[in-house]
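Two complexes follow with chain A in common, the first pairing it with chain B and the second with chain C.
Here is the complex of A and B:
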């Protein structure tokens, strides 16, 4: 779309006002998923498979049905389940199979039945009365073992056209891309390093477990309240799974207690609605933490081989990566994303990347902040670090020498528009952190990171009130302060104070379809739509002013919150403030609103560079992060404090992934660490302050230059920390997390 | 199983409820008293989102039975502000953008208030260790620690 209205001087954008939902959030007043109740409400609970892989022979619910407090029981038979019914193929079928098992339980924690009862305790008690007969099958949870010839088949026929002949049926998607001749490139190199790397699955670890309250009548009309990153996808998916019309289900997004990609799909919502339809009463379901770990969408785990050739001067001559990702018992592991992102920061003549999507007996993976990218960056940036060490080159200089710039042909195909990678590297080199001396036992690591960012379907409405205030309705749940950013952008266009704008996350009945709050898209896409909706309202304000003055509308322009004559020839009128126009709008043509909807395509890609210092205790193997600096291109920071917050949050999650977090499965295929005590995410005493540098290289695809900032921050940490730890310990760490036992083992193996 | 009658005090108000012997204090606060400020993030005492004080002591309300609240003085996030005047910690949390999603914020506020009552001049390390029982997945803790320490400084100046 034409962006002739690009802006670079700002009044409100770039300031740091209090967030509009601040008071609600510090007083306990904000309503999250589990905070809603309804008259006559029942409580639902879900029975889950204790087996990693088992045929479901029989489900006997008769005893549970006799329980006096039980009002409904559902199994797979209660969901729309016609294999070739339009709308229930492909991913909808996968989601149905995931929210309620069909013939087979596919992982430890897979839902097999659910009850609704008059209290949460009664519902949990009733689950014990349901008898399930299983025929236990061989299972596999490791990606390399799942690809081996003797691996049990999770589901025949799940592979798509992309998979080459002869692969195991558990390999369901294949990606290959690149350009040039890697073999010729390796031949030109002075040093070639090839190595293998492993990362374990992690969980987004949002503190709020999934929760919902659903009501569905026999007339096919329903209401649903839930914590989600996108209520339209919830609406569409639930309607498909329950066999009702999409528009008959109204979904309202609660305040969301963290998502990071994990709340971009449904788990309990269709179950609550099915129970409600059967019981004829509203049903609330709240997951326990253990259910969150066992049965929502963790990341893929990965096994990777990377080979890079370099000349003595630091020039990369060729790069190749093979990335194998398992994403649980369904297609979807982002092996393609890993492959496409892995070498994206560099300008390469010869590059080839291959990604595999592999199924195993684990929960269906979901997105987690730049899904797929952190693992690949870990492998690639580790090899680059080793090349720099062996060739005695500065790691920032080498990355600068090979850095992608505007016009570079990306490793995944297209040529880059204006990007800010070089600026982040230059900022890293100039940062005091990079030249600060290290203490004995410490090591320093750096890494670059790349993520695509996304536009997505977006619809925003803005309405002006008689008193000159404005309400903005957006469809992207606020996962990190986006209502503040939207209000700043609307204020910038309308020229009225930030405080006079109220931004609401509209329900599905109030706006057209909005894609999920994912892909770092909210400030970009909902922001762009807010700007355009505000401009739409400004056009109408100018029309009203023109009519009052009796001059043509093209003789009026909008400036600092007022209609003013566009030039000396337009006439001599005092500026007419917005509130003067809205005061009598009912008599001058009716309500004044603005609206915009589109699928904006100019999200622009995003790069960051991280610097980390780590200290390794050789006796215990424990790693401490002693200093951390995040440098990332934000395009234009609308609310810089919340941009910093995204940088810091991504780094902290990356620290957890690098050092401690992992899904641990026993030989029986059961998850062994399904509570926060055993799956330990970083706590306050684990971390240092996290410094941030916001680089601003405007995105040409946004009127104010915005790039998404949410995801890129988790791409560099795994590699940057691995490089710091490897340099501190004197041994290359090739498996994450670098937990104390792994570090001790590596130190021992190294003598 | 018959229910237990409990009389207790929450944020200065005398309250009563009937609870199952298995229900936690958190269940009773949320489901019986409609005080949904305290959150259940884990149910195992690991995340601190359900933090309240009982007779002045900081506890995870998911680890205490509702029946044990008989005769106690309980304070929750809903009682931190003085009417419409926010506590300095609440103001600083907003000012520092020390929350993104806000689900951990009630627990952080209760725990931080408890810290400052015991130690008006905590070091960064003391603050980090005191809040180590309150998980936040959004912020990396940086802005939370700064907000708490700045509040402590402001309160020291005022006293």
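Here is the complex of A and C:
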């Protein structure tokens, strides 16, 4: 898409007004997934497998059906017959199989049946009356064991074209890329370090559990209210899984209490609709926290081998990474993304990366901010840190020496456009944090991180009101303050105050298809579409002004919220404000609106550099993060407070992932820690003030220079914290999370 | 070697010349044209001399 209208001087963009949903959120008026009710509504509950891997021999629902409060029971037979295909081509089948088990239960927590009853309590009671006969099968939950020759096969035929012959059927996708000759590169190095690293699965940890209210009639017409990052994908998927026409299902997105990638698919929504269709009543389902942990997407766990060669002056001569990710009992673990992102910050002559997508008896992984990238960065940046330590080199200087810049051939293939990695490293070097002295027992860690960012299908409408205010309809749920950013961008184009613009997340009946709020795409893509929709409206405003003045439309231009003659020859007219044009628009040609839809293809990749100080208590193994600084290229920060919030949120989630969060499975394949008391996310008292520096290297693919900022912030923390902890403890930490028992074990092993 | 003026033509011509690429292309590819990653658009222009690179289609969180 050609951008002929780039802008670098701003009136509204870059300011920090209050968010438009602020009052609703602090007063409790905002409606989240569980806040919607309907007359005659039933409550749904889902029966889940207690086994990690088991053949379902028989499901007997007769006793539950006799329960006086039960109105409907569904099993897999109540869903459409969706075709199975290998890999991600069969994603509808994969999602259906995850939403309701077919022949086998594939993980602890896998849904096998569901009940709708007149109360939530009755629904849960009725689950106990359903009798399921299981034939328990051998299971595997560890990625390395799942690839071994003797591993139980989860599903034959799930591997796609990419997997080399001879691999275990649990390996379902394979990626290999790179350039140069890594062996020749390693031979040139003064020091080569090769090491192995492990990360555990972590949950996105959104505070709002999944919740929905669905109504579907026997005529195939339905309504669905749900908590999601993207209601069009919900509409499309539910329609496919229930065998109805997509357009007959209207989906409305609720306010969302966190998603981070985990709400980009469906879990309970098709179940509520199937129950509703059977009971002919609306059905509400609200997950418990334990269900969220057991049966929604955590991120993948990883096992990785990284080898890097370096000269004494810090030049990297070659780099190689093998990244094995398990993503539960379905294809989709982002081993390809891990591989492509791992070495992306560096200008490498010789690089090779391999990624594996491996199935195991765990819940289907879901995206989690920059899916796959944080693990790879942990392994790569740990080895880089060790090389710097052993060669006595400054870690920022080494990264600057090897940093990718415009024109560099990326590790994943193409050459970079204008990027801002060097600027983040220079800002790190100049930041007072980097030169601040450390206390005894403290260590400092540095890491860079990379993420691609995404554009995606986008449709936005804007309508002006007679009083000169504007409403903007976008299709991307607001997960990071995007309504404020959209209003700022529309204000910039229209020239009316931010407060005069209301941004609404429109339902699926109001706009064309909008891709999910993921891939750091919303401020970029919905923002670009908002700008273009506002410009479309401005064209019409200029036409009306031209008609009123009786001059040609090309003699009118838009300036500071007013139509003005474009030059001295156009005529002598006072500026005509927007509200003067809209006041009588009903009598001068009708409503004035703007619209834009496209798949913007210039998202622009993004880099960040983090500095972390950590202190390790040698008695208890507890780590405290004492100082944290995030530096990231935002292209252009539309609302800087929310950009800083994204940076801080990435660091906070990274601290949890690095230090405490992990899925713990028993030998029986059951999840041992499915509540927040046992799965420890960071709380405020665990976190220092997280300082932020916004670097702005404009993205050439956006009219205002925006790059997505939502995901890159989670890429460096695991590595930066691991480097800080390793330097504090005097021993290289190779497994996450670095929980107190692991730190104590590492200290003991180190003598 | 294929001749193409748009991203869509690249994919079409690649499959015509190398039918075994149908699988990978159906599974989802993005095309980088001079470093700009075209996630899915088929009508993006490719100028003479451009660097064209096929990648796994990107996904995000």
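Everything that follows uses one rule, which is that the second predicted complex is superposed on the first by the 744 of 751 C-alpha atoms of A that agree within 3 Å, B and C clash if a C-alpha of one lies under 4 Å from a C-alpha of the other, contacts with A are read in each partner's own complex, and residues count from 1 in each chain.
Just so we're on the same page, a contact is a pair of C-beta atoms (placed from the backbone, for glycine too) under 8 Å apart; a residue touches a chain by one contact, two chains touch by 3 or more.
Everything numeric in this text was worked out from a predicted model, so none of it was measured.
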### Task
Based on the superposed arrangement, let me know which partner A:413 touches: chain B (first), chain C (second), both, or neither?
second
### Task
Examine A:260 and indicate which partner it touches, taking first as chain B and second as chain C; both and neither are also allowed.
both
### Query
When the two structures are overlaid on chain A, which partner does A:641 contact: first (chain B), second (chain C), both, or neither?
first
### Query
Should A:504 be classified as contacting the first partner (chain B), the second (chain C), both, or neither?
neither
### Query
Which partner does A:521 contact after superposing on A: first (chain B), second (chain C), both, neither?
second
### Query
Regarding the shared-chain residue A:248, is it in contact with chain B (first), chain C (second), both, or neither?
neither
### Task
Check the residue A:19 against both partner chains and state whether it touches chain B (first), chain C (second), both, or neither.
first
### Task
Could you say whether A:673 touches chain B, chain C, both of them, or neither, answering first, second, both or neither?
neither
### Message
Residues of chain A touched by chain B versus by chain C: which partner has the larger set?
### Response
B
### Message
Considering only the contact definition stated at the top, list the common interface residues of chain A for chain B and chain C.
### Response
260
### chain A residues within the chain B interface of the complex
16, 18-19, 21-23, 25-32, 34-35, 37, 119-121, 204-209, 255-260, 286, 288-289, 479-481, 641-642, 644-645, 648-649, 651-653, 675-677, 681-687, 689-690
### Task
Note which residues of chain A are touching chain C in the complex, please.
87-89, 160-162, 175, 260-262, 264, 334, 336-337, 340, 366-371, 410, 412-417, 452-456, 518-521, 599, 601-603, 605, 701, 711
### Query
What residues on chain C touch chain A, complex-wise?
23-24, 26-28, 32, 34-41, 44, 51, 53, 55-56, 58-61
### Summary
Interface with chain A, chain B side, in the complex: residues 20, 22-23, 27, 30-31, 35-44, 46-47, 49, 76-78, 80-81, 86, 90, 93-97, 99-106, 109, 125, 127-129, 131-146
